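There are two complexes below, and they share subunit A, which is joined by subunit B in the first and by subunit C in the second.
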Partner chain A sequence: MLDFSALEPPTLHSLPSSVEPHLFAAPSFQLPAVADLDGFQKAAVQMVKPAKGTTTLAFVFKHGVIVAADSRASMGNYISSQSVKKILEINPYLLGTMAGGAADCQFWQRNLGTRCRLHELANKRRISVTGASKLLANTLYSYRGMGLSMGTMIAGWDETGPGLYYVDSEGGRVKGTRFSVGSGSTYAYGVLDTGFNWDMSIDEAVELARRAIYHATFRDGASGGVVSVYYVGPAGWKKMSGDDVGELHYSYYPVQEAPAEAEMGEA
Partner chain B sequence: MSMVFAPQLAEAAPTSHAGASWSPYDNNGGTCVAIAGGDYCVIAADTRMSTGFSILTRDHSKIHQITEKCVLASSGFQADIRALQKNLDARHQIYQHQHSKQMSCPAMAQLLSNTLYYKRFFPYYAFNVLGGLDTEGKGCVYTYDAVGSYERSGYSSQGSGQTLIMPVLDNQLKSASPLVLPPRESSTPLTESEAVDLIKDTFASAAERDIYTGDGVEIVIINKNGIRRETMPLKRD
Partner chain C sequence: MARYDRAITVFSPDGHLFQVEYALEAVRKGNAAVGVRGTDTIVLGVEKKSTAKLQDARTVRKILKLDEHVSLAFAGLTADARVLVNRARIECQSHRLTVEDPVTVEYITRFIAGLQQKYTQSGGVRPFGISTLIVGFDPYTGVPSLYQTDPSGTFSAWKANATGRNSNSVREFLEKNYTETSGTETVKLAVRALLEVVESGGKNIEIAVMTKNEGLRLLDEAEVEEIVAGIEAEKAAAEAAKKGPPRDQ
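Here is the complex of A and B:
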């Protein structure tokens, strides 16, 4: 017969809820008071998915505007293209960038080019960057809520000098001197903000933009392909470089050869 | 003068209760491929038309010749694709009446992009590949998404077997991107017969692993001598 005298009496163990009630209660989550909870959740998931898989940037400096972008297009997990033109040449002195829906950006920026040309014909002078960005923003605002997806920067040089605006499909339009748009934008901002100097030369500015996009493609899966960098000056835009990011990686970080081990002599 | 762009709005969908509600679309499956060379273009598509797990026919052509030098291959919802083909044919006829000549392939490429975007809010469920010869006689391939974004490239595939075929084409044909500066030669290194053989191999492989690809492949070859067709049977399982 076993001796149970040293053990606790066999009772049903109850939760010591009187001591720390909140530790033992079932967890509760706040829920939104909507009729279609399932639909709401699906929309919420869409919201936190990496939006606008791309990296584009533009900044104003002493000599003009630099615009740079990657060239990857993704449909979900599938890379549908590595050679997308994300910097769209609206006219010889205006550039637009593409982030979000490729078709939306291509169509509406081509439409913007048409309207800018009509403005020139009607007014016998080029349209300003302010005017061009406003035309686009007003168009996008009228389609607000219908599902267009565009995060674009309009960069150019007009009578007032260099101009840079950010315009998006929510109807927003903001003038600025430094923007980066897309899922890789945070990485690009890090490099761009650290290395920026208003008095940079054109070559230094181009190299800074190239590095910023390269680092974004390194860390962001939705960005990659070829880094294109454009410069916009008084004479209009000029494409300064186009480099495959794979090749850029090895030029920035060459492979260190491991020192050869000493040969073992024959025993 | 105000220019009004008013893409059509979708019909309001019936409110859904638990379970599937009516959808205006169906996916008839299939795969399309195109390869552009220095003086030729090869466009191919399988001939199986499916719905769900059933095969509707083993003998349906997804390829449509729009102009003398330009051919459209589309996979997706074949009813929308037929409507799209008729739309482009009508627009091409009007162009010929107005300009006394056929549309060039790059012009047709832009027309297709705009036609797709004009139904931005009730899209054509069509994944298109346009192939032909450009104004200089070089092969060109244009690849599209469902709402009209497009890009010229050396080769492309669209449809249910796209993810199976594209890596093989990348492996065999990938060359320097056209975005690279200074520009590097980016034309396909294959001859016309090598390209046709590659297409046959890729379709045979895709038919092994994609249930919607099979039965047969129709291959259209465009070069300066005109247009020629070949067919090859694929596994029917």
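Here is the complex of A and C:
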């Protein structure tokens, strides 16, 4: 049989199957026999899709990219973990953040790491941040409507300099210089936007990111635990700090010595 | 031997794939093609068979664009080349779509060679009867490259190469005369190499020049005539100089 697949019009729903088809094949399954398929599908997605209870942020500045995140996992009102790794190390020069379904983020970013490595081996050069984010976005688009929940930022440093993309499970992909994702993102944006300066030093940028995440954890119930801050530069990424937000609170707002109340004196 | 040369997928006892070798024969019968890589210019040249009077010469093209920054020349079966080039053009755009980057010359060469190899290991098909010369600039670093593929699916990078009719003589010439050139010097080298095996004249050769900024440009007949005339003049001057000034008594 002649292989005419290359002549078929390329569809976004299909993935390259020339390498390891079982790794990259888009799924298919039978549709459930329900009267109202749309309603059923909506209900199913709502059930599966956890609220993106988290705060992550990333921004580009003069010296590179800063990526920061909290570490709380919540299942409704229950805090299931305070020590979740939400910044995923795809390879020594690419980072991804986790917001939404933890399993979805972990699995697909690890899959992305595999594909980035295969790209390196085949082409004898590292994949660009543009290319890596596009691979992930294409994968997520082919699962559109099937209940994946991911709001992830891909940050890295390549031949063209620092790169930052926001990719989500709706199949969207946006290039930018400042993003915050998750239920605590609005609080983080407040601190980040007021304190941002393109010419900051690396330490200043790290401190800004730390403070932004801290403030989000202070106000948002679904964010907390430990603030991790990473810096991505020409030599790759480096973890700069990991601080418990409870302790950070007291370093930002030390306990004031309360004026000694009048002691109950002897009558 | 006759029993092992029908089906492509059958090895002969002494390790030959005869169909592939016969495909190389078809290439050897094709019109000569030459490629030369300079520091900032890459030149492709092909032997142009004299076109019939009623034929529209513009529709007989042997130097083809794969993308803005990659081009291909071939020797062998023209129809096979057309099919392969169409697939390669689709792959160039598909690559741009999936990774938002133009292909590197090495990538598209690997793709074309992979395709040629697939047709040496499938049932019911025959190999493509062409060898290609693929040239282009790296989209980021701007480094020029020249690659060659053949019907067996092997590929390698070259500073200068030839394929098709009399390719050995052309390659020998290039080996003797190749130096790092740039601009018009690269064009001249390619034309000189082609003129080793092609009848002189702008009517019989087609030259395409590729630069990083302007992409592929097909030289028109007048320009080629000029370059050929220039080369003839140089040759004549060199001959005269060799003979030396008439010896005095």
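In this section, the second predicted complex is superposed on the first by the 209 of 267 C-alpha atoms of A that agree within 3 Å, B and C clash if a C-alpha of one lies under 4 Å from a C-alpha of the other, contacts with A are read in each partner's own complex, and residues count from 1 in each chain.
FYI, contacts are C-beta pairs under 8 Å (C-beta built on N, C-alpha and C of every residue); 3 or more make two chains touch, one makes a residue touch a chain.
From a predicted model like this one, the values you see are computed outputs, not experimental measurements.
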Per the contact definition in the header, classify A:Glu257: touching subunit B only (first), subunit C only (second), both, or neither. neither
Specify the partner with more touching residues on subunit A, choosing between subunit B and subunit C. B
Applying the document's definition of touch, where does A:Thr130 land relative to subunit B and subunit C: first, second, both, or neither? second
On the A-aligned overlay, A:Asp199 touches which partner chain: subunit B = first, subunit C = second, or both, or neither? neither
Tell me the contact category for A:Asp244 with respect to subunit B and subunit C: first, second, both or neither. first
Contacts of A:Asp38 with subunit B and subunit C, given as first, second, both or neither: neither
Within the complex, subunit A is touched by subunit B residues 1, 3, 5, 113-114, 116-117, 120-121, 143, 145, 147-151, 153, 162-163, 176-181
What residues on subunit A touch subunit B, complex-wise? 71, 75, 78, 80-85, 101-107, 111, 114-115, 118, 139, 146-148, 225-226, 228, 239-244
Contact footprint of subunit C on subunit A as seen in their complex: 1-3, 6-7, 10, 16, 122-124, 127-128, 130-131, 134-135, 138, 159-160
Using the touch definition up top, name the residues of subunit C that touch subunit A in the complex. 86-87, 90-91, 94, 97-101, 104, 106-107, 110, 118, 122, 124-125, 140
